[in-house]
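Naming follows writing order (A, B and C), and every chain is counted from residue 1.
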Amino acid sequence: MDFMQISKKDFQKFVENLIQSKEEVVGVVKKGKHFAYDILEKSEQLCLDYTETILPPKKYFLPVEETLLKYKTGVASSYEATYGKSPKVIIGIHPGDMAAIALLDKSFSEGEKDSHYLNKRANSTLIGIYPTQSFPHRFSNSMIEKDAYKAADCFLVDLGNDYGIEVVTEKGKKIASAMKAVAGEKGLNEKIAQAKAKIKDEVSMPFSRRELSEFLHNKETHAEWKKRAEKCFSCGSCVLVCPTCYCFDVKDTVALSLQEGERKRMWDGCMLEKFANVAGNHNFRKLAGDRLKHRIFRKGKYIIDKFGMAGCVGCGRCSQACVANIASPVDIVQELKK
Amino acid sequence: MKPKVAFFDFACCEGCQLQIANLEEEILGVVALVDLVEFREVLTGHAPEYDITFIEGSITRPEDEERLKDIRKRSKILIAFGACATTGGVNKIKNLRNLETVRKEVYQDDWNKPHLNTAPTKAVDEVVKVDYYLHGCPINRNEFLSVVKDLAMGKVPRIPDYPVCVECKLRENECLYDLGKTCLGPIARAGCAAICPSNKSGCEACRGTVPNPNKNAMHEVLAKRNLTVEAIIQEFTMFAVNPEVSK
Amino acid sequence: MYPEKSIYLPQVATITKANMMTKVDRYFEFELEGGKDLGHKPGQFAEISIPGIGEAPISISSSPNLKGKFEMVIRNVGVVTNALHNLSVGSTVGVRGPYGTHFPMEKLKGRDLVFVSGGIGLVPMRSAIHYALENRKDYGRIMILFGARDITQRLFVDELAAWSKQSDIEFLETVDVGNPDWKGNVGVITTLFSKIKDFHAANTTAFVVGPPVMYKFVIVELFKMDMSKSNIIVSLERHMKCGVGKCGHCQINRVYVCQEGPVFALDAISELREAI
């Protein structure tokens, strides 16, 4: 990994030039009192000093709704695959979200390769940034280890007047040279390490991710699931804001002429009541407690066991989004520990 | 043969039918798919039988029940159309109070005249069998179009059974609870694309609730926002979400 | 552009035979374009679709040895299956697959086989039964146990009749609810087990496919007959929406049924609480 450096002013100039070059550039912007990823129209909109965005950046690779196939209604020979576009550059991804993209990369390329996701992913350069503000629900440090570096092309680290840059990939090298970043002075990597450690997580998982997987073993019948679920709305908010969730529903929609249509996939969530329904209205996860347990096991056990990567990246969005205030994985694990 | 479609209204503001009349370009697509045979708001025709009937409004008088039953007999598919029809809607607030009091309040000296007679409000399915529900106050045009397309293709229409929070999250709205407001989104039925929360206005559950709403949890959440019992009941009352108000 | 073609893009198949088997179950024979084989193994499924209506996972009912075509029996339970029922010979559909695990017929050579199916569970089971009968000398005893809710729910009635007469098959059948026209056994499927004589548990593999409620009872019965978990093979029903291990709808605990199932040895899933 190379360490480089750029002044904040020059970085903004680079972003402005990128926008002017007609490439689609996405970055973190203010949204009311919150933050969101959006297409940048001018560089001033970019806000890298943020707590957390409402939705994670996965929406650019696994859109909320995405057309997979087009067809003429009823004509099986007319099926045709369609591939959406993704931004050229995404700026400002926190390490947790970056680790989540690494997990999505793994899931969509393992076994049957999902070209709809992978095409978009290959098109984008990802510029991360280490958090400059604390977020009360974040516990990424205890979850993600080095996973963020499996997806990031480069990471920015706020050094006051400058950004330190960790250059991770060839794409990262290219973009660092495009922004005219300079090779780091002596001691830059120490300065970067110090700056990265400056913002501490306010909560933390009491286990490493491997320990968590082992801890959850045999916790399936714990009374906490049922008890906690008494307050659950099954509204799906916790999974819809989650950067590592990639479940989807598939639906056909046709034009008003009925002559042509599209097969689309859209985000879905295992916390919603009907998610595990099969024919005959039999539901394999009928109780909210079973669904809550499934979510935590998926985040804390199944994914790490299967892929060796974090199933929960500790971004804290679920805790923030849960109106009933029961979604926090840290709180749940603390209760299970008692 | 295009299916014969009719619209009828009972106690309502006819705002849901207006949504159809206002479809503009898409109305041409709709009439290409279906044969509109009865729709008082836009045309004068009548027909003896219908393939698909949309009923707007709630049922508030005994003679309306008879009229509705007659329409049902002549309809292959009957769809409750809009909040008044699907849940009783705002009209059901009346059922919370004594009927005589309500009549006096509205009609004053004339309250006892026979043509102003009124009965407790009923949703359409409290009087006749309903095949499908198009919820909302008013209905959502896109949902209407998707139901028309589904029926024209012989598909069972997909009516959302998940809460408004889903659509709100997908639009990446700021959660109103994070802005110090209240919202029935966690228990309210979706299908509206979260239009009210998207405009910073709390959801009032005009589409009724999801099939298994966690009302206790909703009470608890609202109580934590320092709402009084009266205020909580009010939150639940607008569209007959309160179990004491709905059937 | 990423070089792989879309995993959601179906092939085209034409319906070459179709007839109602019960009030709700319709039999189909399909032919892929150019008479290609689907290339499945017994127990696998495929995603069948109609453009504009949608896609649904359906078990394959024919043996891989049926060349140039494949068979399915589709129950009308939803939007897609209802639309499939309205299609007739000559119509085309989309096909993705085959997907999922299969009955390990190769590994079971020399063993006794008992096929226990309830209702529509006979549909995937039939692919394994046909395969076993086509390779009859590779296997020991072949026992087929089939239960239907009542006589109107029986599937493949001509084949059931043929199996009942075949001397190298031990065929037992029951209906849950009797009827004056029915001369056979009445009662749930577990009532058939006591009729099996000289059962050698150690040398037998059991296949179990049926409605969700059936598994527990049948498995208890098999345990009573000294069957071990490793010799019991089940096929589980879930809604495999994508078929390729992504969409999450078929997930049982850690397992994606569309990838690691639908066919499982019981010992491989006994720690999965949501499985049965």
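The definition used in the following text is that contacts are C-beta pairs under 8 Å (C-beta built on N, C-alpha and C of every residue); 3 or more make two chains touch, one makes a residue touch a chain.
As the structure is a computational prediction, the values presented were derived from the model and not from experiment.
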{"item": "Overall pattern in which the protein chains touch one another (line/ring/star/complete/other)", "value": "complete"}
{"item": "A-B or B-C, whichever has more C-beta pairs in contact", "value": "A-B"}
{"item": "Between subunit C and subunit A, distance of the C-alpha-averaged centres to the nearest whole Å", "value": "39"}
{"item": "Mean-CA-position distance for subunit B and subunit A (Å)", "value": "37"}
{"item": "Separation of subunit B from subunit C, taking each centre as the mean of its C-alpha atoms, in whole Å", "value": "44"}
{"item": "Per-residue multi-chain contacts in subunit C, two or more chains", "value": "52-53, 78"}
{"item": "Shared interface positions of subunit A, touching two or more other chains", "value": "73, 251, 254, 258"}
{"item": "Numbers and ranges of subunit B residues touching at least 2 other chains", "value": "153"}
{"item": "Of subunit B, residues touching subunit A in the complex", "value": "26, 29-30, 32-33, 145-146, 149, 152-153, 158, 161-163, 165-166, 169-170, 172-175, 177-179, 185-187, 210-214, 216-218, 220-221"}
{"item": "Footprint of subunit C on subunit A - complex, ascending", "value": "68-69, 71-81, 83, 107-108, 110-116, 118-119, 122, 220-221, 246-252, 254, 258, 261, 263, 265, 268, 270, 275-280, 282, 284-285, 290, 294, 297-298, 301-302, 305-306"}
{"item": "Residues of subunit A defined as touching subunit B within the complex", "value": "31-34, 36, 54-55, 64-65, 73, 230-237, 240-241, 251, 253-254, 256-258, 266-267, 269, 272-274, 288, 320-321, 323-324"}
{"item": "For the subunit C and subunit B complex, residues of the former touching the latter", "value": "52-53, 78-79, 82-83, 86"}
{"item": "Of subunit C, residues touching subunit A in the complex", "value": "1-10, 12-13, 49-55, 75, 77-78, 81, 92-94, 211-212, 237-239, 241-242, 244-249, 251-254, 259, 273-274"}
